[in-house]
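Two complexes are shown next, each including chain A; its partner changes from chain B in the first to chain C in the second.
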Partner chain A sequence: MSDLNTNMIEKYRNSFLNEVEANVEEGEWVKMCMQCGVCSGSCPLGNAWDHPPQELFMMIRAGKREEVLSSDSMWMCTSCYNCIVRCPREVPITHIMHGLAHYAKRLGMQPKEQPTAKFAQLFWDNLMKKGRVNELKLGVDLYFKVGEGMKTAMKNKDIGMAMWKAKRMNPMEFFGGHAVKDLKGFQNAIKKAEELEAARLEKHKA
Partner chain B sequence: MATREYSFYPGCSSQKGASSSNYLVSVETMCEELDIKLNTIPDWNCCSASIGYAGGGELPRLTLSARNIALSEEHNPDQEIVATCAACWLSTKEAAERLHDDPGMFAEANTALAEAGLKLTNQTPIRHMAEVLVEDIGFDAIAAKVTKPLEGLKIAGYVGCQTNRPFGIAGESFENPVYLDKMVDALGADSVPDYEKKVQCCGGALAFSEPEKSQEMIKGILESAYDHGADMIVTPCPVCQMNVEVYQGQINDTHGTKFDMPVLYYSQLMSVAFGRSAKDAALNGQVIKAKQLEEIAGK
Partner chain C sequence: MTEVVATNETILVVGGGISGMTAAIEAAETGKRVVLVEKRPYLGGRVSQFYKYFPKMCFPTCGLEINQRRTKMNPNITVLTMAEVTSLEGEAGNYNATITLSPRYINENCTGCGDCAKVVEAEFDNEYDYGMSKRKGAYLPHVMAHPMRYVLDPAIIGTEEADKAKAACKVDAVDLDMQEEEVKFNCGAVIWATGWQPYDADKIQPYGHDRFDNVLSNVEFERMCDPKGPTGGKIVRPSDGKEAKNIAFIQCAGSRDRNHLYHCSRICCMATLKQTNYVTDALGDDADVTIYYIDIRSIDRFEDFYKKVQENDNVKFVKSKVASVTQDSDGNPVCNGVDTEGYNRYAQAHDLVILATGMEPSVDADKFPVDIVVNREGFIEADEKNGGIFAAGVASEALDVNRAVQHATGAALRAIQVVNRVASTEA
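== the complex of A and B ==
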């Protein structure tokens, strides 16, 4: 168990809701959920969630910390924003799902083989390297780190060829590729933002 | 009509050799015809779309967009930011709102940006190209530019998610937006106003990590277009375009369907209707060729 995780358990022993409010993006909205279930019914992948948003919100209030943070559910969010625009209380549900997923990842509690958890991390690492996404490298990573390697690559080879023929995929991107010019400034700014956010979390756990 | 100028955020997928490079080519053509000048934000970076959240926390993600807005304010002052990508627009607009509503986060974003010698004032409106077309140009002016009406084509307007929610186009319904249908009609084609999958999710980034689940949704989007007798689908979103176009072969293999439906950008339709060549409309960027449009462009 990570140190941060141990510390957070200590600090918020009595209230997972307080922990979520303090540490999860838009977490202060969780208590506003009135359990109507419109979000769950509106979710395009609703049938794939072990616990749809409405249920996650009640579980947070019921203190089911382990079940929520290790859940596969919030990683099923496609960011379609149906739930946000339909919620009668205007709870920013999509953002809370992203926030819960990020917090779980930060604590090392996300399901280890969850494909979207892996892909979402690869996407972030990819864009941080050059300041812009390198689609070719992301695709290769997707096949070999999220999918089943060559099997997945072979399954998608026709799509790759078609994209290449349409000039929408460039094999040369593998060698460098598009980048921001002020890469140092870019990376320093994001590093600073990460430090500021980590400092805020440190303060919360104290 | 005086030239309209905007500060342009093209986004990663529109770059040369990237998955929606055909979108950018056709947008440039469309803007030439509509007398719109796009001044690209110098040295713009990725917005992290809506999938960077595993590694990227709230402030780092907001700082990505804050850097783009700050660069725009410095180099293209007093110009509204316009994005063509749904995710770029959404992330940037979301960041601008969040930083506006949260002074603490705004101060921290500026502390981070100072590392790159930048400062955010955050006074710039963030708009989607569809808003520019609907609100600044207008359907009548678009129709007036048409020299080759897309007559006889039935086109299903697939708005998708992120161009539509949570912000959308002012005055449009989240559940049944009609601006894309009006655009199709303005170009002389027939829209499909009762296309019930017009705001159905295609899976977005989960098309990569959850292909089976996403392709099930894409199948519905295509099936409905066929049921309505559509010749092609039009969309304003790069992820929608790619997902709905390129997986048709895999869906056919899995489900025994025979999908072969071209999926276009509105900017490609306009480029052709405004009399420009198939090349200027980037029709060569189609994985599923839009033969009927090529014919009209070749006339």
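== the complex of A and C ==
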């Protein structure tokens, strides 16, 4: 076969769809999409997306790896589940969007300064410290790292005070906060899961 | 009392639509005795409710009428209308059938003069027009109903209205004492031709058929386009009666959708292309038709029909399944979605939106009076376990009229083989 032929075969070899199927949660469903467009039309935030789900699926099948994984689109999903409910093929679109976002993040390809990605990281770090989410710390972190800092904090001052009075929030939590019963065990479990995940990722790379 | 002469060499045909009639006629014309059972008061089924057939755009009054005449002229066929099979027992070559006949309250004396309908005032939703018009309590189901006999609605029995109808009849055809009756007879083979019903458009929640006046299903639109239909053939908006020019069709409304019908109903693409012709014929260059589709399935020779519609500048095809229909402040239905050719977001207002709803079997899988093998969609399988029971037409799968008739002929042949075996063992 001529070089030109081999080059063209390489060019159109759809390794990205295989990659998505192996690494993205529910990724094996991507090939089931029949491009009817009901998901895109049903998305309440649809006009905020560069590429609606239907287009993302087509891009995956067309092998546009860089464009898909560095896209802002799947980070816009708010999990309203309109698309899943209406999809004529019962494709779990919401889950695939989160799976794609997660995979892009693992590869470090997510758009920089993407607020949803930043918040997800804050949430994770917060959870890892004590094995439970410290809502007060997460809120404050959110104000300063994603929001407008003090300005955002002051805006929510009254709500905070009311929650304190109603005993829905304890200001002392800000200094450390309480942990789950077996913090060591929790952290070990997560560490083990991370090792397994890393091994799986490494295996697919090879 | 209704008497039916039947033996183990008789073929029972359940359903008097185009498939059932065809199967009955084909078997009877080879000399077999046939009992044709129909639930409605007349033969012809769903086909009688069409304005025109595709692809030749001729009227069912033509093809259907020939079959009605063949049914009427053939002494081998016994027709039972307003009748349902309530029990069926036995095996191939020896079935016992029980048929329940609902009272029509009009006997064979009826000449179809219509004097009874003139005096009766009570009105009911007309099922022939899918409830889009009213009919009297004494009525002829439609202008070419066969048998050409009036029917009294059971709701007026025991009221003054029924007495008025009886008094008006000059030929003593009104029999108010008619009762439900049961008929039992033997038969050797059964052809099941119970056909289809349109998928309930109200169930497709995002399209708002249950909420918006100007969203119709394709079977309702078919009646609207018929000069004998509820609007006299005028294409109007049900909300305000204004002429509708900007008309949208939504394909695969309920079909090929795991939330509704798993199968492709096969006929809806052609039905929409046919109905597009009604619009462009009626409005000429004023017509503004948009067809929203996933893919157009105009199989084999119907491709020409599709091409002709595509060439019409007044018809636009948008490759997209509409995500939802909303209503604007002027009562216009608005189609919302994203198209697949460019991923452009649209919110397009129309005068009228037609949902191309598909076919589902008219009998629920668990409602058959006998054990029968059906597939996931509820259509009858060609399975040896069904013994001497054979499906004809849309009872077996979603088919257009042409293919249903061919299928019915095949079913007739299978039934004939069973009764021939009976005949050779009895001889």
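Going forward, the second predicted complex is superposed on the first by the 191 of 206 C-alpha atoms of A that agree within 3 Å, B and C clash if a C-alpha of one lies under 4 Å from a C-alpha of the other, contacts with A are read in each partner's own complex, and residues count from 1 in each chain.
What we mean here is this: contacts are C-beta pairs under 8 Å (C-beta built on N, C-alpha and C of every residue); 3 or more make two chains touch, one makes a residue touch a chain.
Note that the structure is predicted; figures quoted are calculated from it, not measured.
Once the two complexes are laid over each other on the shared chain, residue contacts for A:98 go to chain B alone; chain C is not touched. Contacts of A:38 after superposition on the shared chain: chain C is touched, whereas chain B is not.
In the superposed model, A:106 makes contact with chain B only, not with chain C. Of the two partner chains placed by the overlay, only chain C lies in contact with A:52; chain B stays clear of it. Between chain B and chain C, the partner in contact with more residues of chain A is B.
Counting contacts by the rule stated earlier, residues 85-86 of chain A appear in both its interface with chain B and its interface with chain C. By the touch criterion stated above, chain C contacts chain A in their complex at residues 206, 252, 256-259, 294, 320-324, 336-340, 343, 345. The touching residues of chain A, when paired with chain C in their complex, are 34-42, 46-47, 51-52, 54-55, 85-86, 88-90.
The part of chain B that touches chain A in the complex is made up of residues 12-13, 15-22, 43-46, 48-60, 62-64, 67, 108-109, 111-118, 161-162, 165-166, 174, 200-201, 203-206, 208-210, 213-214, 217, 246-247, 249-250, 284-287. Per the touch definition, chain A reaches chain B in the complex via residues 25, 44-45, 48, 76, 78-82, 84-86, 94, 98-99, 101-102, 105-106, 110, 115-121, 123-125, 127-128, 131-133, 135, 142, 146, 155, 158-159, 162-163, 165-170, 172-173, 178, 180-182, 185-186, 188-194, 196-197.
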